Amino acid sequence: MSWTDAINAADFEAIAVERLPAGTLGYFAGGAADERALRDNAAAYARRRLRARVLVDVEHVATDTTILGLPVSMPLLVPPMALQRMAHPDGEVATARAAAAAGTLFTLSTLASSRPQEISEHAPAAPRWFQIYMLRDRAVTRALCDEAAAHAFNGFVLTVDAPRPGRRERDLRTGFRVPPDVEMPAMRAVLGADACPSPQDFFALVDPGVTWDTVAQLAEELEGPLILKGIQTAEDAELACEHGASAVVVSNHGGRQLDAAGATIDLLEEVVDAVAGRIEVYVDGGVRRGSDVVTALGLGARAVLMGRPVLWALAAGGEPAVARLLELMRAEIELTLSLIGASSPAAVTRRHVAP
Amino acid sequence: MSWTDAINAADFEAIAVERLPAGTLGYFAGGAADERALRDNAAAYARRRLRARVLVDVEHVATDTTILGLPVSMPLLVPPMALQRMAHPDGEVATARAAAAAGTLFTLSTLASSRPQEISEHAPAAPRWFQIYMLRDRAVTRALCDEAAAHAFNGFVLTVDAPRPGRRERDLRTGFRVPPDVEMPAMRAVLGADACPSPQDFFALVDPGVTWDTVAQLAEELEGPLILKGIQTAEDAELACEHGASAVVVSNHGGRQLDAAGATIDLLEEVVDAVAGRIEVYVDGGVRRGSDVVTALGLGARAVLMGRPVLWALAAGGEPAVARLLELMRAEIELTLSLIGASSPAAVTRRHVAP
Amino acid sequence: MSWTDAINAADFEAIAVERLPAGTLGYFAGGAADERALRDNAAAYARRRLRARVLVDVEHVATDTTILGLPVSMPLLVPPMALQRMAHPDGEVATARAAAAAGTLFTLSTLASSRPQEISEHAPAAPRWFQIYMLRDRAVTRALCDEAAAHAFNGFVLTVDAPRPGRRERDLRTGFRVPPDVEMPAMRAVLGADACPSPQDFFALVDPGVTWDTVAQLAEELEGPLILKGIQTAEDAELACEHGASAVVVSNHGGRQLDAAGATIDLLEEVVDAVAGRIEVYVDGGVRRGSDVVTALGLGARAVLMGRPVLWALAAGGEPAVARLLELMRAEIELTLSLIGASSPAAVTRRHVAP
Amino acid sequence: MSWTDAINAADFEAIAVERLPAGTLGYFAGGAADERALRDNAAAYARRRLRARVLVDVEHVATDTTILGLPVSMPLLVPPMALQRMAHPDGEVATARAAAAAGTLFTLSTLASSRPQEISEHAPAAPRWFQIYMLRDRAVTRALCDEAAAHAFNGFVLTVDAPRPGRRERDLRTGFRVPPDVEMPAMRAVLGADACPSPQDFFALVDPGVTWDTVAQLAEELEGPLILKGIQTAEDAELACEHGASAVVVSNHGGRQLDAAGATIDLLEEVVDAVAGRIEVYVDGGVRRGSDVVTALGLGARAVLMGRPVLWALAAGGEPAVARLLELMRAEIELTLSLIGASSPAAVTRRHVAP
């Protein structure tokens, strides 16, 4: 199948599975341990049901919304994903350009194979965030943020669910190593070529001792909002509100960290209830359909982040394939809104989701 | 297998699957997106249990009932289904004649490949409804209803769950196109041959902006009762009562519209409770057995509509096959009533269904 | 596999499946319609859990109990099953002799291929019941009971869940007919050879109009206790107590009548609660393990009836095979009692079954 | 696969399955009857979810804890398992040495193919328990304990869920017999070579009439704490506290005794609640992952015992393979603690486990 024949997100996966080398495929597709969380993220959406209201005027259905004040074409954003040049030579640039074309937000990973400047040059229109880890050397984290800020990134996503890397057994099985020509230029620019570790060894730089106080300090220093990715409990949602976060992403790192984590859509409600409107809440993990997005909206998310299908589209056909995927998703969101009688994301309520 | 050997509804499906071209089969069999609702409609019946009462006099068990005052031989009706000439050259006429022979109600779709006059001529004895969409051009809707009324249709079924067509991915996979010789004569008669779209493009005529006020107005104008098909919530059931509907069909369009919709038998109770006896409630989707029908009765439906098996029988053997299917279903309903100690549909109560 | 190698009930089934002609196998093994009740009867036991108590003295564990005052070696009885000569030339006589050897109760069906006199002659030691239907001609029912009473049958089991025969689709598929040499001698003795129908047509004699008053009258007339088989609800359990029954069997006829019936072990508790100790309660359907029996005891049954495995053993090796099966079951019951810390059936309580 | 390539517990099983003779494999792998409890022990962990807390300082995560005051490197212990020389010529000695190397506790079975003295000689550093049955001849039990005490065993595990051996049908299928060269030297030393039964006949020595009073007496006599293995209910947990036990193991004997027993992780909470901190609670059965261990800690266990994977590692590669397995498990526990924000076993609370 060519990606031009793809009619839904699953199709792009089928194409990418054929096309990527086993090691790279395992790296992108895999989760931790037995991949329970990986599977359950998606399966949990299939257990949800929407309550369709009828005879609502849906002549005009809008999918656009705002994310921390930033206008986006739909409540589906592109999350940080590492080393996208392993999926396609154009890597993050292609993804960012496709997101820009689709009118939605792109997030650049600290582990990206492209640096912030490339994104701002090649995809200037993309609303964009930069993802960071809290490194042992705070100055490095700071320098990364500074470069991102210099290139007009609109927010900073701090990953909080990975004090240590999860155990990705697929990588151990395939003996996967990042190809030597795939680098982390953002890291290298800050650390210098000699001091920059290989992507494999990146986690040695991450500080597993970070606590909420550090987060509060970071929130004050950054030139832009701080989004915490990896919140799974009401308790931490409350702490996020108290420590300067502008938003949280309910996430289990796509099932790549704690395999015993709950499905994110099942964790969303307790986080939304704890936050009580003080900050924005997003969710990622397992999103494959427009109806998944609308389910998340109904349970209180302002948007979802959808990762792996974007990688599959990137591998399948680069920028135009990603753009095609994002348009398919937008159309599915629009159709789902129409069919439940909601003319915009804001019109979706908890009553639209079956208990 | 010949249809004369068919002993239950599933057998007719097996025959039709062998016999129909892939595209046509996909069109009739398919649902939206991942076909979750399609599968769950049927699976939900298999999760239900009846509570059999014994030592009740079931020497005489009657299956007949009335639908909006119209006598029918059983609480199982034939719903609107489009373009039945794709299943069999005799199309809707065969189905209507079989329904008439079985003593039950037939519904003609606006998208039918036969027009109301043909039904009245060839199946004059059939109690019958006409199904409509609210079109952008209200005069067309009105003209369609007028023709139906002129041919003694007994009620009007307004489909309310399809402001836009669902995404039927099987059709996209097969590249299905309605054969050029299969037309929508009712539509053509009203619009004229030149202005009449192909069935593929029909939905461009449908008005996605319709609201309850329009329904109330329609209910007043029509020469016959208005039945709303596609109600899924207590909220809309209440609104249906308030806006002139004579009945509602709890339906998710056979899983062809919102894929995240609940199984209809699971939605029935909240609708029945909301309606509280003010109007009649029917249910469609997933009915394959007499025990499914009795389950729906127990949960408060006055009748069910069973669609796809009728199409499979039509494809398998035309009118006599449909008549055979309907008689098999009637016999199953009668047997189930006997075995739970209910001598008529009216004798079935909520206590007959396990909580 | 030879039956002498069988180590559990399932083994006998595997042997019988190899050995019986397809039609006969389908007749014995089959359930109604989609065989949901048939499967669920067994599956429901696998969903149950026992709560093992430890450090109870189980040096001596007794499995014997009494059934309506009749001593039996274990709380597992042989239910009525028709036409056992189709499974083995020795038919019901072999089964009765094996039950007698095992010290448990045997039930002769009205549809048996042996008559009461044969049982009393060849298995005089067997505690035994006779199963009846309420026939349109009450005198015939009465005459059957008289013959049973004359041959020292200890009780009468009235089947109440079959006012009409269930739809056994396996028989329709195989075109099964009872072989002409397999007869119903008990029926023939009463009706005369000319008036006696073939087993196929037996149900024409059954009266679907019987009600509780007739049962009360029958209970008064019979020379022995009346057991009602086929009770599924608290309501009917209450009525059974009020109309002279000495016991009820919670049963869905082995899944051969109402396919939408609940699993019998799941129905047991409401019947036990309704009866509140006034009469004895048994359960049949799906029993395959000693732990199933103990589960039923814990939920309030005084005994279970286990049918099909007995037929499989009969087909596999006649009387000695049935005796072997019954001994395996008794040993499993004894072991299960030991392992939950109960030294007798009476020591099993509802606390031994997980909620 | 060589065991040196094994990356998780399941890998060792795959290797052992290839390597062990069918009979031995069945003996070690099998459970009772239909092996429901065996399967459910593991499946129940996969149904559990942990609640990850983030931004907790996990720079230093310790897995060590104490068991009845004895320091161990992690909350995962090695339970008693019989006849380990059938898995590897070095048998229990290899296992004990690996446990000692890993810093955790080893338990020697009464049915071991090594005697206490061998363990103390070859694995002097291992914290160790000795497992006993209450034998009909109390003097034998006492003599076994004396020998264990003489070799510095730190506690005594009394198995209480096996008054009789479970029905292990795999052994019946394979006709398994313990090879004549595999003996029970601890038993033989006490009974003398002539009086010592074969392992097959061991259970004839076990007293099924033991009650709580005997346990209380034993607890007083022993030179060391008494741990009761096989507790499944709150009632028995309470009795254990009252009769001198220092700890209980929630266990269903690895699914080898009562097949209808609940999954042990599902039974843990009621036992923990009943004990209310008076004594220590452990759990065994189905543990395969570090997240399983942490789940058990969250539900109130002080440690888990993990049996079969140890046997598989032993069969796969003897002592170094067992050591490797134990280190993999310790690393998984450490990682899981990190990822839920707990810096030690003691930091795990019931709030870390989803309800």
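Per-chain numbering from 1; labels A, B, C and D assigned in written order.
Here is the rule we go by: contacts are C-beta pairs under 8 Å (C-beta built on N, C-alpha and C of every residue); 3 or more make two chains touch, one makes a residue touch a chain.
Only a predicted model underlies this, so the values are computations on that prediction, with no experimental measurement involved.
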- Task: Please give the intersection of the contact partners of subunit A with those of subunit C.
- Result: B, D
- Degrees of rotation, nearest 5, to put the Cα trace of subunit A on subunit B? 90
- Message: Same or different interface residues for subunit A and subunit D, judged by whether over half of the residue numbers are used by both?
- Response: different
- Note on the structure: Looking at Cα centroids only, farthest away from subunit C lies chain A
- Just give me the whole-number Å value for how far the CA centre of subunit B lies from that of subunit C. 43
- Note on the structure: Here the gap between subunit B and subunit D, centre to centre from mean Cα coordinates and rounded to Å, is 60
- Multi-chain contacts in subunit B: which residues touch at least two other chains? none
- Item | Touch list for subunit A against partner subunit D, complex | 33-34, 36, 160-161, 163-164, 166-167, 169, 172-173, 207-212, 215, 228, 230-233, 235-236, 239, 252, 257-262
- Show which residues of subunit C lie in contact with subunit D when the two form their complex. 7-8, 46, 48-59, 289, 291, 294-295, 332, 335-336, 338-340, 351, 354
